[in-house]
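What follows is a set of structures to go through.
Two complexes follow with subunit A in common, the first pairing it with subunit B and the second with subunit C.
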Partner chain A sequence: MRPWMAAATKACALVLLIALCVAILLGATAHTPSLELRPLAEFYLENCLNPYDKAKWAASPEAVTAMLWDYRGLDTVFETTVFFLAIIGSVALFRFAEVSLASYESKLRERREEGLSIIVRVVTRIVFVLIVALSAAIALHGHLTPGGGFQAGSIFAVAPLLAIAAFSRRFVEGLGLTKNSCLAIRTTGLLFIALVALIPLALALAGVGAFIIQNQSKPWTPEFPGYPAQLGPVWLAGSLILFNVAEFLTVGSGFTLLFLLLALPEDFFRRLVKR
Partner chain B sequence: MIPQFLSPFLELLLAFSLTLALVLAYFAIVQRDLVKAAVLSAGQSVAYAFTYYLLAAPDILFAYIPIAVGIYTVLLLYAVSKTERFEEGG
Partner chain C sequence: MMEYFAQALWIYMYAVLVAIVAVAIYGVVARPNIVKKIIALTILADTANTFMIFIGYRLGSTAPPVLTTLSPSRADIAGFVASAVDPVPQCLVITAIVINMAVTALLVFLAIQAYWLHRTLVAGLVSKLRG
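On to the complex of A and B.
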């Protein structure tokens, strides 16, 4: 591409940007969505935290989390399962002997200093702690403020990603985030989600009125007391906080596991394939 | 969600961020340096994230920022590191 063409392209893009802004300001889109609530939105907003009529409440002021884990909870459980299967598939692709990797890496260990410059490493140390703290806060407040388990887990995953880039994969593994421990955390989280979702179903099989992934007690199933909405002054929102924390562990460790696998040295694989 | 003094300009801000995303996407496509293209794509994601903020969707914003700006960009850069940095031909 010649220089004048690049300049012309940039000028065209700028003109397009300004022209579209002006056109939209002048009403070119003709119809913008109304700010009034539709009946479905009204239903969720009225019922998700309604202590006066607990027939349809989710005990959570966060309508989005209430929808994700209570009203449409089964969808999220299946999404988590699909994500789990994807991770399992990747791990199966990267299947190899742990021992041969250890022997390969002991040869590399002579180079002591690794990673990027000292500035990057110091900044990464600070940011790493902040990211982990933020993700934990988002997971634990998922039933009260925007965000939830998936968001917190994907934010958490940025921390080991940064650490792999600034330090090395072995630094992350030194923190205890090895392939096997990530897989263990991930499986534990998924089992916990399944447990919380299936306890009411087990009660239903035992003859108590309850339904799968039930959060709070409903008028038509008065026997099931529901998960605790409060613990003293701490608001728990029933099963929502349990699901959020379990999903946080599942997603965070799942992404971390993928990054650990991607950070494996390429020539190790080449040697492994040649053998 | 957005500050009170900004609400009259909501549509303008929406138009700006979405058009900025379009422009950045165009430059990401024509860019021959694949590392620069990945960074431009991350910039496009930032514009989309701003749009989600303007549309009062913080839940999506929190998932979008780490995945589209962080994880997706790193995966692209990782893939570029396995091949050549500059696109050939054309």
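On to the complex of A and C.
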């Protein structure tokens, strides 16, 4: 980088920072902390679980999940697409690793008992199960309590990361979380999201009144019954639980995949690059 | 008196956030090491998220935007609207965090590639070597 370019980038950063300060001083954030709720937020809070006005409700007591997968569900689908592309990009950078890794690994099979000390390994075994159980609970309760697919997936991904650190990458792959199975789980989750989102659209194309990512029945689409809000005593919140579980699979396996690739051994890379 | 105190506290929090943004931008622009650039970028993203959550707060709200009953009366809903914080920024931040993490991972992969191709993590040297 030439000196004048470095100076220019630093000047740009300074200008950006000063602009931010001036914007805040001039009130770009409006009155914070505000005393009243903004009208948009009021709409969501009022209608997310409003049995007296079912034209606008999302059948979920959790306003954030209701917005995320119902009111602005399309937005979230596109955000999932960004996530998909970032992971596909990472996998594409490592696309040659697969075949050469197999030959590399076969030479190292004799090594036994890897990982950190026995204390760490025993504790990790216990915590691993707890993390997985917690993430599943957060995914399945995402439409009732704070949480949802994104959070549960991120929490789940901590478990394989911990296992990679305490044991080894091969331990995680022994559990069935190999690169290919992670890709398969992730694709299944994405397909499921697409399916749930597109069923109402397919109905609309068939002549029934419905719209894409429709959750509950609306007065102007009386033919589409909506996804079931309740199944006996179990509250399902329509399509929200389906989206949450699918997003959990997508995010959890996507991050697991990234951690597996990041844990590839260093001298393996050295050989890969030398060829 | 209490209001002035709250306002002063709020200005202080904004000042801290702007200071963190300054440090993060400095890190991205001026540090030569790619890993340090990535760390600074995650700090910048997290500061932006904190900023959004700040904007969503309102004085006097005491509850997260989660209704605690599945068969609310009209009074329950009115009380919920009166006490909950703004859910819109929270909704934006949820996805932003996960996507930041994915983008950071992509950058880390690129850094690893750059290291194994060029044997250095200094941004200026990497661009000179022309792999």
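Keep in mind that, in the parts below, the second predicted complex is superposed on the first by the 237 of 275 C-alpha atoms of A that agree within 3 Å, B and C clash if a C-alpha of one lies under 4 Å from a C-alpha of the other, contacts with A are read in each partner's own complex, and residues count from 1 in each chain.
Here, contacts are C-beta pairs under 8 Å (C-beta built on N, C-alpha and C of every residue); 3 or more make two chains touch, one makes a residue touch a chain.
The structure presented is a predicted model; accordingly, all values stated were derived computationally and were not measured.
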Partner chain(s) touched by A:83 [first = subunit B, second = subunit C, both, neither]: second
Partner chain(s) touched by A:21 [first = subunit B, second = subunit C, both, neither]: both
First, second, both or neither for A:138, with subunit B first and subunit C second: first
Partner touching more residues of subunit A, whether subunit B or subunit C: C
First, second, both or neither for A:214, with subunit B first and subunit C second: neither
First, second, both or neither for A:61, with subunit B first and subunit C second: second
Touched partner set for A:42, first subunit B, second subunit C, both or neither: second
Which of subunit B and subunit C A:161 touches, first, second, both or neither: first
Contact residues common to both interfaces of subunit A (with subunit B and with subunit C): 1, 9, 13, 16-17, 20-21, 24, 29, 32, 64, 146, 148, 150-151, 154, 255, 262
Residues of subunit C touching subunit A in the complex: 6, 10, 14, 18, 21-22, 25-26, 28-30, 54-60, 64-72, 74, 77, 80-81, 84, 86-88, 90-91, 94-95, 97-99, 101-103, 105-106, 108-110, 112-113, 116-117, 123-124, 127
Interfacial residue positions of subunit B with respect to subunit A in the complex: 11-12, 14-16, 19-20, 22-23, 26-27, 30, 58-59, 61-63, 65-67, 70-71, 74-75, 78, 82
Interface residues, subunit A side, partner subunit B - complex: 1, 9, 13, 16-17, 20-21, 24-25, 29, 32, 64-65, 138, 146-148, 150-152, 154-155, 157-158, 161, 165, 255, 259, 262, 266
In the complex with subunit C, residue positions of subunit A that touch it: 1, 9-10, 12-13, 16-17, 20-21, 24, 29-30, 32-38, 40-42, 44-46, 48-52, 61-64, 67-68, 72, 76, 79, 82-83, 86-87, 89-90, 93-94, 144-146, 148, 150-151, 153-154, 235, 251, 254-255, 258, 261-262, 269-270, 272-273
